[in-house]
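Here the structure is laid out as structure tokens; the discussion comes afterwards.
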Amino acid sequence: MLLSPRLRAVIARRDRVARLGELCHALLAEHGEPSSAALAMEALAVYARLDDAGRAEFFDLLAREFAPDPDTVMRAIDAYRAAPNAGTLAALEHAVEPPRQELFRRLNMAPGGTATLVAIRGHILAVLKGRPDLEPVERDLAHLLRSWFNRGFITLQRIDWHTPAHVLEKLIRYEAVHEINGWDDLRRRLAADRRCFAFFHPSLPDEPLIFVEVALVKGLASSVQPLLDPAREVMVPERADTAIFYSISDCQPGLHGISFGNFLIKQVAAELESELRKVKTFATLSPVPGFRAWLDANLQEITLLEGGMKVAAWLEKNRGQAARRSVLPGDELREPLLQLCAHYLMRAQRKDQRPADPVARFHLRNGARLERINWAADTSPRGVSQSAGIMVNYLYELDEVERNHEAYVNEGRVTVSRRVETLARAVRWPQPASELAPAS
Amino acid sequence: MLLSPRLRAVIARRDRVARLGELCHALLAEHGEPSSAALAMEALAVYARLDDAGRAEFFDLLAREFAPDPDTVMRAIDAYRAAPNAGTLAALEHAVEPPRQELFRRLNMAPGGTATLVAIRGHILAVLKGRPDLEPVERDLAHLLRSWFNRGFITLQRIDWHTPAHVLEKLIRYEAVHEINGWDDLRRRLAADRRCFAFFHPSLPDEPLIFVEVALVKGLASSVQPLLDPAREVMVPERADTAIFYSISDCQPGLHGISFGNFLIKQVAAELESELRKVKTFATLSPVPGFRAWLDANLQEITLLEGGMKVAAWLEKNRGQAARRSVLPGDELREPLLQLCAHYLMRAQRKDQRPADPVARFHLRNGARLERINWAADTSPRGVSQSAGIMVNYLYELDEVERNHEAYVNEGRVTVSRRVETLARAVRWPQPASELAPAS
Amino acid sequence: MLLSPRLRAVIARRDRVARLGELCHALLAEHGEPSSAALAMEALAVYARLDDAGRAEFFDLLAREFAPDPDTVMRAIDAYRAAPNAGTLAALEHAVEPPRQELFRRLNMAPGGTATLVAIRGHILAVLKGRPDLEPVERDLAHLLRSWFNRGFITLQRIDWHTPAHVLEKLIRYEAVHEINGWDDLRRRLAADRRCFAFFHPSLPDEPLIFVEVALVKGLASSVQPLLDPAREVMVPERADTAIFYSISDCQPGLHGISFGNFLIKQVAAELESELRKVKTFATLSPVPGFRAWLDANLQEITLLEGGMKVAAWLEKNRGQAARRSVLPGDELREPLLQLCAHYLMRAQRKDQRPADPVARFHLRNGARLERINWAADTSPRGVSQSAGIMVNYLYELDEVERNHEAYVNEGRVTVSRRVETLARAVRWPQPASELAPAS
Amino acid sequence: MLLSPRLRAVIARRDRVARLGELCHALLAEHGEPSSAALAMEALAVYARLDDAGRAEFFDLLAREFAPDPDTVMRAIDAYRAAPNAGTLAALEHAVEPPRQELFRRLNMAPGGTATLVAIRGHILAVLKGRPDLEPVERDLAHLLRSWFNRGFITLQRIDWHTPAHVLEKLIRYEAVHEINGWDDLRRRLAADRRCFAFFHPSLPDEPLIFVEVALVKGLASSVQPLLDPAREVMVPERADTAIFYSISDCQPGLHGISFGNFLIKQVAAELESELRKVKTFATLSPVPGFRAWLDANLQEITLLEGGMKVAAWLEKNRGQAARRSVLPGDELREPLLQLCAHYLMRAQRKDQRPADPVARFHLRNGARLERINWAADTSPRGVSQSAGIMVNYLYELDEVERNHEAYVNEGRVTVSRRVETLARAVRWPQPASELAPAS
């Protein structure tokens, strides 16, 4: 009897998942190591050949077959309750540790193991919304990866035109903020008045974890298009007094939430300070990605504000399709929109009382100061449709960063410049700033 | 009022331990990371200045103040028992994880963190016998270090005369089996007919974890003194057909029990096989460190054996002081001692039914075959007093290793050559081989 | 009085050349070295700012002011004639060595000196045709660079996608045979079934001197378009039995005539042989760049040959504009053109009795064998207009290369396969093959 | 008939030299390169097996058979005299260049060629005194090596305890001034308050050309024994304000006279200045190796000086055997000997009117200032017997070095501190300072 191709695919997938399950159980059962590496290697190879459906089945298996055994847990609980001591506690700890943690550690013995585990977490995160049963699996991976990608194991490397091509092509692929248009554009971004740094882990030597792009300029940059202009002249770096962090991109979806960005900015600032003695100012030029959506969601309140009518009119008019949303607001909206943006950044909050804007949250938590709000600073379609064309300079004053961070974490206080404060004060909001569900 | 120096020292120590405790608590309390690295750095610096007594106090503190909180554990248990689900299980898992695990991970953020954590475990192991209360602390460190020193993170490096001096001096320091007498001796051990390989971890780039010394020879080497002779001629390595692993040394007391040796031998064998196509035989020349003690402990039984009287006489005569114990047995004892040694290696067992001899356990578990037992093979004082001058070749037959390992682990079967088997058979032991507590 | 911009430029140039002349004289006059490096550095900086006219003036100066002094030469001649001995000979040798040789050596002390000297020779070669007075200067530079770029100082490096971008971009720039269309094309040429190697000199670490591109294939490749096709599938290199050298490009015009190509091919073949044990055949796929011009120049004789009429007709028809010249000949011309090509390669000679075709000269001198002539092998416009679409496999039989080379150099004998010989024999040329001035 | 071993050795040597001669001629006759490398390689191998007598014969051969051909020279002379133009001059230049120059360049093509050519020059220099006929050969090698070891090709590398052992052992071997007593002594000399730098050539990556040892100290060091004391405490380098160059050693006898030392000191000073911002003073602590011999040679004049009698008495008494000569002079001789030393360094001259003392010549020519003369500064036997225990600080004032150098080279002026000047003035020498043939 002939099987249909579809059926054959289903069977092949089943076979693979079954084989993978066997390999994982065998790997976990190993008492000595001679065959572990071989088992791990085959397991990785089988995983690499799974399609989405196959992966989903494998994740199921991880969730079900490699979880703590309820009976063992209960027995360990009983023993601990009967005699709570170091021994019974250790036994309890062991009983509740999901066996897949050890499984993951053993998979790591094969070449490429770390990369595959990072990929697995990425694949799980991609489907997690619809699969709450995979949360424990994701949590175990996150726990492990957080331990392995500890700050102490990560190294900072400068990226420039002398960097191997296989790393550079990843910058092109991963740049998340301001797209890199091929190798010539990349080259311009690595010119003498630019800097680029990335974090690397020794087990992923070819894969940047996160990278930041910096422009060396004179004075605080107030708009991004001139920075990105491939035709602009290259400046002698010794003339710069300011380093503008204009793009930070995470490269590994599988390391989402295992934060490196905060370390990166501070370490790069320290690096630049010692390389270029005249550079004294370290600041970002950042989008305000939640601003436009917040404006749309608060149309009514805005109408009630002094000068709010024309903002509301503009919002209404440019709602809807992408083409519309990316029309730059006219200069008559400059004041009210800058004020509203200051208000949004300082006062619009999530349920947890942190700033509604995700970029603001990131930099303010890091200890930066909200220094300046720039009009017509990103005129690209994305810049207008998300941030109304506005960009923000977050200032990293190195000897103030820790104090700001503490104030933010402990008291929820946001550090802003007087100028931004003044802008925000001009907004007399009818009621407490509405909450906005965070975009991401 | 003037304090005595001793009193001042006590106070200084108290201050340091107190400060270290504060730093650890602060580090654990950190919500964001800006100050974490600074706290970790200071903590490491304070630890570095502690003396033994100070360390002991700090270990106390780790045991008491950074253990799971019993109330929280009990509440998590109750919640789980009330509703055993993924959420309550995760909460229980979190409740029983000792906070010091996270503390250790955070200490690792400072430069040199990994090295210090390895050192701390070494210091704890050194006092553990008298301090059972530190066992949970040691276990946490072992758990963490086993995860961080996962096989996947470790790299094999060849060591030779082109290796930096600061690494080479560590070989001199750590060589555990056959002492290296200074740089000239070392140089000879790195000559063209020798190989040396070590495992390294990226966070300890200057510190070999374990290294193995190999002699390239013709035929299975049957005694070690010629191998170590600094005056022997250097052979062209292309003429060799056999690689003799004559010394394996662990370098990091703080990584005790986090096994790398098994990987090392097999990876080095693979490396040599591809470098030197004519080398087909991979074997050790190993001591039998428990043999003499076992002989002494079984004097009575030995007396009952055919030919056992003269062995017993020799044992009695050379008991006691070091000088006596290191007198090489005469050739008339050759047969009975070789037979007894075969018997000892194959049949003398620990309580867990594994071979009594620790070196035998290591290689047999790795999948090696007990190939040959060599008479008058190590005539050094240590060689005679521990192994009666006998050394053993364990043979690593690469395509047989895994099968042997499985047989050993699953059935407790020891793979031996026919020749060794014949030797052992000659011994008609009056009763089951006595057990001997392992030396190390 | 105001000067015109043109006049000001002339004056600035004069000033620069004058300053450069002073610096060179001062550098040569230096007895000790403390200031030499500084003088050399300034001289390089001034040279870098010269335009073409300024360079021409500087070359004049090198020719006139840094040549041997005729009076000194004559005196040294007289002394030698009076008493020909080691002393007077050494003095004569010294008198005839142009001082600019020492000047060049001293310029080399500044950072970037070697690169500038290579550039200077390139600049001189570019104008040499019209400036026979610069020949001695060029010869001195060639003498020096030949000594410095001695084979013993040059290293072979593999180029692949892990190579730094600043080196890779030079491949794109310098590829002389089959243009590289940007980074994606380059990437394809560095895939797993391709190899690329370059020679480097330690003083020009960022500059390949020459590079060769190799395709790993099964069987002797007979046409180049499939090799260059960016869409072709990548083959597992272990399956290859043949390495095709399909492009060799010189990168440094200033090193013209300082031959490395012959070394390169042989060293790369040796490299590949040891990397890929199954690759047994090393051959080129080369153009016949002088073939079409030779055909055109021998139209009359061709008409007289058997079957020559249709060849002549095709040549006449497709003469002239580029578009015409690049029309591929029809298959009815296959036999006569292949025969004529064999005849051309084997018998058409320059005045020095070496093969007329420059590519043939290069490979035959290297000891390769003219193995196969391929029809419709390069269908690109250049391929057709220069080589009538034909390409040749020169075979590097490693243990025959030296014998072939000797035969070629000493007896002018060209080694060809039987197949090619047969093709050539079919041509009954009316008279000795005409000579053709070499194209390049 | 049996040959005596001696006779057989003679014949073997003859055979080798004859073979080497053939190889050299063949190498020079090569028109293409395929076999050149093989010929060069064999030639190097044969040379390596020659004993002293064999080498001498080979040097003969180089002098006779690879010199310019007198007839060719004479014909080129005639042609030039008949028509002195660029062409005949080039021909003459070519005729007088000894063919061995090209031979040496071709020998360099084989691996290890450069090292062998350096060795050959060393071997020739060692016998040159008795072999004036080898002078042209030596001169050709010197010409070539000076060109190849051009400053532009040489790199500075820091040497420390992270340097590979095979380089470090060469420091022990080559240290010429203050012997290194094994690895522990070496290690101390590479501690945190020491620096060591060496020049390397890319073709001799394992061989330092010259190295300098530096002590970081507070204030100008006035005696060398404390610097060398292995038991002294290591100072934090940040506390140092002065860098003392206490030893410079040439490593390659074959590069004698191809000066690097002057570059080395200045480059190391620049390096240290940028590493350690607080180090402002760069000075040597140098012996006065010709002083004692000069004293002995000028006994009569010294007697005539004020206070000269007791100096003369001491000289007479401690003349002769080594043991005597190394008795440190008593403090009552301090003033007169310091004065005489100042006089000697400033006024005692060679025939060429340069300072008689070789170390003084080296540093003064480099642009250093004779800063201070230290009493009882080197109490070692060598220090006393050569320098009467005196050592000198030559000061490298970086912005004065060039001026001093010019003054020295052009006017023969020696730059000294006021203090040294005053010492010298106290000596009223009866007649112009006697000349002393330089020791080395």
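Couple of notes before you dig in:
Letters A, B, C and D mark the chains in the order given here, with residues in each chain numbered from 1 onward.
In the analysis below, a residue touches a chain if its C-beta (ideal position, glycine included) is under 8 Å from a C-beta of that chain, and two chains touch if they have at least 3 such contacts.
Please read all numbers here as calculations on a predicted model, not as lab measurements.
Comparing contact pairs by residue number, the interface of A-B is reproduced by C-D among C-D, B-D or A-C, since over half of the pairs coincide.
Centroids of subunit A and subunit C (each the mean of its C-alpha atoms) stand 51 Å apart. Look at where the CA atoms of subunit A average out and do the same for subunit D: the two points lie 61 Å apart. None of the residues of subunit D touches two or more other chains. The touch graph of the protein chains shown is a ring with every node of degree two. All chain pairs that touch, listed by label, are A-B, A-C, B-D, C-D.
Against subunit A, in their complex, subunit B makes its touches with residues 31-35, 37, 68, 70, 73-74, 77, 80-81, 84, 86, 89-90, 92-93, 96-98, 105, 108-111, 113-114, 133, 135-136, 139, 144, 146-148, 150-153, 202-203, 259, 262-263, 266, 365-367, 401-402, 405-406, 408-409. Contact residues of subunit A toward subunit C in the complex are 161-166, 168-169, 182-183, 187.
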